[in-house]
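Multiple structures follow.
Look at the two complexes coming up: chain A is in both, with chain B in one and chain C in the other.
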Partner chain A sequence: MKKVTYFPGCSAHGTSEEFDQTVKMVMKTLDVEMEEIPDWNCCGATSAHTMNESLAYALPLRNLVLAERLHNDTMTIPCASCYQRMKVTKAHMDEDPALAGRINSTIVGEGSYEGKVAVKSMLQYCYEDVGLDAIKAKVTSPISGMKLACYYGCLLTRPKAITQFDSPEYPMSMDHIVEALGAKATAFDFKTECCGASFSISDTDVVLQLSGKILEMAKESGAHAIVVACPLCQSNLDMRQPDIEKKYKIKYNLPVFYLTQLMAMAFGYPKDKMMFAKHIIPVDSALAHIGEVTEEPKPAKSKKAVKAESEAE
Partner chain B sequence: MARVGVFVCFCGANIADFVDVKAVIEEAKTIKEVKYAIDYKYMCSDPGQQMIRDAIVQYRLTSIVVAACSPRMHEKTFRKALSDAGMNPYLLEVANIREHSSWVHQKDKKAATEKAGDLVRMAVAKSIANEQLHEISVPVTKRALVIGGGIAGIQAALDIADARIPVTLVERSPSIGGRMAQLDETFPTLDCSQCILTPKMVDVASHPYIELIPYSEVIELDGYVGNYKAKIRKKASYVNFKTCTGCGTCWQKCPVKVPNEFNCGIDNRKAIYTPFPQAVPNKPVIDAEHCTMLLKGKCGICAKFCEKGSIDFKMQDEVIEREIGAVVVATGYDLWDARPYEEYGVGRYKDIINSLEFERMVSANGPTGGVPVRPSDGKVPKTVVFIKCIGSRDEAKGIEYCSKICCMYTAKHAVLLHHKVHDSRAYIFYMDIRAAGKGYEEFVKRAQVETGAIYLRGRVSKIYQKGEKLMVRGEDAQLGQEVEVEADLVVLATAIIPYKSNPALARLLGISYDKYGYLSEAHPKLRPVETAKAGIFLAGCTQAPKDIPETVAQASACAAKVCGLFAGDTLKKDPMISTVNREFCSGCQNCVKVCPYQAIVTEDIPLGHGAKEMRTVAKINEGVCQGCGSCVAICRSMAISLAGFTDPQIINEIVAI
Partner chain C sequence: MITLSYQGKNTFLEAVNTKSGSNVLECYQCGKCVSTCPVSNFMDFPPREIMQMIKLGLKEETQMANSMWFCLTCSACAGRCPREINIPAVMEAVRHIAIEENYKPEDKHVKNIRKFHEIFLDMIKRYGRNYELRMMAEFNIRTRNLFKDMHLAPKALLKGKIPLGVKPLKSTKAIKKMYEMAEKLEKQNK
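For the complex of A and B:
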């Protein structure tokens, strides 16, 4: 059995409780024991690093130091924003020991940072450390028939130099995972576009505009639902969807799942464990597609190809 | 008693700002053999050289030390000054106080000055032991080898051959013509590329002084300037060119389809093919990687239909040798693969193409008959977005340099699009418009005014598909706005890169290349067509991105250099070569093994005066020896000495510091 350090972040204990719960279910099935960091603190999120550089480093650094005491070689984080802050801090501390020393001295009494623990998002951990084969092996009730637009948001794979994971512009790891669960990932161009993030609170209209575009493109791709691995993405796309529909006078009706909710379903957990009641957009319409047999039409030969062939004759 | 003159150069501010030149002079004057020491702003200038010439006569100097830039830069200049004053030129020593001191110690003037003083003292000490040396004459083979049959190679070959010097032109593909043959019309005059190129291609084939060897590659080059020996591998064409009439029956009957490289894979060619109808030589070759007969031993349809019996499946690669005196390298360029631009969906969307693909489409002899079409559905595009600087000037994803020609050909594409599809509209995203060249700026204006092409200054951040359209989202930096264009077709002006094989070729030829793989010229300003290796010259995009006029000018410059090299019957060669003292030579032959130029042979001489017994000693071939000194270092009995770098000279230098 694998062991991994778990940093839930504040959302997991609040708005994205269903993410937290399903992560735990999924990891149990995948034979991964999660050890939550005792006495973890806020990652600083967007507020700290726009106000004070030292604070922006110190908050995640304390978590990194606490994580080292657990002696697991990897820490996994469901929230994309927490992941980003932890990963950036780790990268900067590792490349600049003087900076690391300076910041470390501000978190008195917690021990010294050694840079021993790798930081991975939940998505990256599932994709790299668990692997597609292991995931596939645990699927008992495939979610085939569902067409899903995988939405990564802006932080899970960026910046490339720091995350060192998947593509910053057109990532495919989540697509591969949902296909391992039996679903079909659609060709979705807006998988790394900005959803508007925390403007949801300060300037909601920005989110309606940006998330609206994402919903539009997801619908265009033929998806029954959107899959995310970030609490804020989920909340913007799901919670703001009725406002977006109202503003643009269009009906999307696109449920927004956490990746782990779908994994848990495919692993055979009962539907009532997924906390679907917390979703604003009802998920039943999307789940109804499970079991549908979809046949892809064969792409017709393009005129040009035909012409080129006849010319070559 | 030696009488040494010391001349210290300011090199403008290059030396004088970081080295106290006066202090160096004062230090030189303390050496007892130094009879004259003076500084000057530019020692290499005519007044500077005159100072040296005058001092030689006036102070009866026996050797000269010039403390200035690297000897690679001006050693020749100063040697000539010595000659002009009636002094043996090899009595010169150059103390390199620029590259070796002022440039590298800019932050510490005191240390730089001390080091410059040391370098001068060493040079003075060495020069005292200098001997009079005389240039060696070596015979020259008056034949040039041109590698690459694009417009650069063609122009160089024709110019050299017109001077009645035989040329061997080696081309790796089945036809000469290169990239220019793929182009439709050329900027800024819009004259047809084929119309101006194909006559030159025919001239090459029919020129009495040009030997054209297509479908072959240079695999070895030995020797030295004036006396190179090249090995060329002729790839098996499986077609007897002597009997083949080029009738075309074979490729009409061949059942194997292969993506057509000449048309950027837009259509197919056959396994037996000529690259394009105007190919020179206009004879087909069989592509061994795709021919069913060669792969599986079945088919042979081409042989059945060939009336002349020209198909020979048993043909083998052949290696031929040519003795040549000079080489012109003109291997051309390739295009950067734009797939790292994932946000554009390169590789995912069929309707994103590169400029060369667009060029083939609008070309009258192209795969779509001169009309641009969307690869996805064959429809004629009405709105075309051109994006410049794809990979160029992009440190994050591509390369740092500017590919130079994209601004102009994109303007040309806007004009051509307008000519071919009258109701179309071109949108051009650009960073800067670089249109320096005769008639270039006017041409860009023409594209803007005449065709209504909309130039948008800004980068494209994303391309995504919406229905049949490609949505191109970018920035119009001049209006400070985000713009989105609904495009039918997107054309990427991808960066120019050197051929992947350039580094391997450079190593084979013994010349240098830069971090991108471009072959390096000897001096960026003053020796732009020569390489650091004598007798090897560069033309076209193998050295850096350039357009057709520039390429042709450089190719003609190469021809002038080759003709100059071949003007006399012999070449002068530096006398800095090794000699063997037979008295000391033990015949161990270690020197034979270490010589990188195969310049050392052995000979048998009598053991003693009038003795019958023989012993073996080393012998240096004067023409081949390059004076590298490897043999001197390996010689255990200290029998070999290198002129200009003798033991007394080196020991003097060491003692001086």
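For the complex of A and C:
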């Protein structure tokens, strides 16, 4: 059995409780024991790095120091934003010990940072540490028949120098995971476009425009639903979807799943454990496709995928 | 293409370069950042123009623009910049100088965005974690827009999408202390 340190993030107790719950179920099935950081604090998110550089390092640093006390070599984080702040802080502390010393002085009495714990997003941990074969081996109820647009958002793979994971332009890790669950990942060009993030509250029109384009492209890719691994992406695409539909006078009706909800379904957990009732766009229209036999010509590859392939050659 | 830069001492450019760890002079104005940026249409000046304004030492004009407040730090531009300039870090540097030197653009969007960040950091100071519902409520009160998003309330609250409470930290004192110390560090960095 593997052991990993777990940082849930604030939204795990708020808007993305279903993400937190299903991460726990999935990890249990995958034989990973998660140890939550005791008394963890908010990572500071966008607001801290926008307004106050020292605080933007100090808030994640306290969590990194607390994580070191648990003696696991890796910490995994479901929220893309928490993951990014933690990873940026770690990278900057590791390359500049003088800066690390100064920031460390703000967390009085918590101990000093040593840089011992690797930081990985939940997606990255599943993909790299658990692996596709182990995931496939646990699938008892494949979700075949579903066509899904995998949406990564900006922070899971960017900036490449910091995340060191997958492609910043056309990532495939989540696509591979949903295909391991039996579903079909669509060719979707807006995988890493920004959803508008915290402008959801402060400047909603930005989110309606940005998330609207993502929904439009997902629909065009032929997807029955969108899959995400970030609480803010989920709430912008799901909770704001009726506003987007109203503004642009269009109907999408695209449910937005967390990756782990679909993993848990494929691992055989009962549907009522997924907290689907919290979704603003009902998920049943997408789930109804499970079991459908889809025999159709392969969809044309998106321009980005073709470009990525030719570059790889 | 000839790109102009300020002749003489450009202290604004120097400050931005030091803070961002990038060299804005490297920019050759190709505009790839503009076509990449998802919010360039909301900005007074898109990233390419901001780069040029920094090069020319147009500090006042740069600081009074809304551009850096709209930057989402999504880093799409940074990944595509052929000169490998960390454009979000440049935007952040401009923002931090604006805060230090008290530049306050009159733009309504900028006021709201700043207010949001202040309220968010206030929540963390108080509870150690974000209290989403209270944050949204305070934002509405402090921007005098009481009914913003109220149409979401029945569904979001009823479905439990946004919980009513928050589980605060045990060590909220440690967080308050951290805020104090970080504030001191920020002053030393000026």
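Points to keep in mind about this one:
The rule is simple: the second predicted complex is superposed on the first by the 297 of 313 C-alpha atoms of A that agree within 3 Å, B and C clash if a C-alpha of one lies under 4 Å from a C-alpha of the other, contacts with A are read in each partner's own complex, and residues count from 1 in each chain.
The rule we apply is simple: a contact is a pair of C-beta atoms (placed from the backbone, for glycine too) under 8 Å apart; a residue touches a chain by one contact, two chains touch by 3 or more.
Keep in mind it's a predicted model, so treat the numbers as computed, not measured.
Of the two partner chains, chain C is the only one touched by A:M51; chain B is not. In the superposition on chain A, contact of A:D39 is made with chain C only, not with chain B. In the superposed model, A:E169 lies in contact with both chain B and chain C. Judged by the touch definition given at the top, the superposed model places A:T106 against chain C, while chain B stays out of reach. Contacts of A:K120 after superposition: neither chain B nor chain C is touched. For chain A, the partner with contacts to more residues, out of chain B and chain C, is C.
Of the two partner chains placed around the shared chain by superposition, neither chain B nor chain C is touched by A:R85. When the shared chain is aligned, chain B comes close enough to touch A:A187, but chain C does not. Chain A uses residues 168-169, 193 to touch chain B in one structure and chain C in the other. Chain contact summary for the complex, chain C toward chain A: residues 38-39, 42, 70, 72-76, 78-79, 86, 92, 95-96, 99, 109, 112-118, 120-121, 124, 128-130, 132, 135-136, 139, 148-149, 152, 155-156, 159-163, 166-167, 169-171, 174-175, 177-179, 181-183, 185-186, 189.
Interface of chain A with chain C (complex): residues 10-11, 13-15, 17, 39-42, 44-55, 58-59, 62, 102-103, 105-110, 154-155, 158-160, 168-169, 192-194, 196-199, 201-204, 206, 210, 235, 239, 277-280.
Remark: chain A residues 167-170, 187, 189-190, 193, 217, 220, 302-304, 307-309, 311-312 touch chain B in the complex. Within the complex formed with chain A, the chain B residues making contact are 257, 266-270, 342-343, 345, 348, 367-368, 373-378, 462, 464-466.
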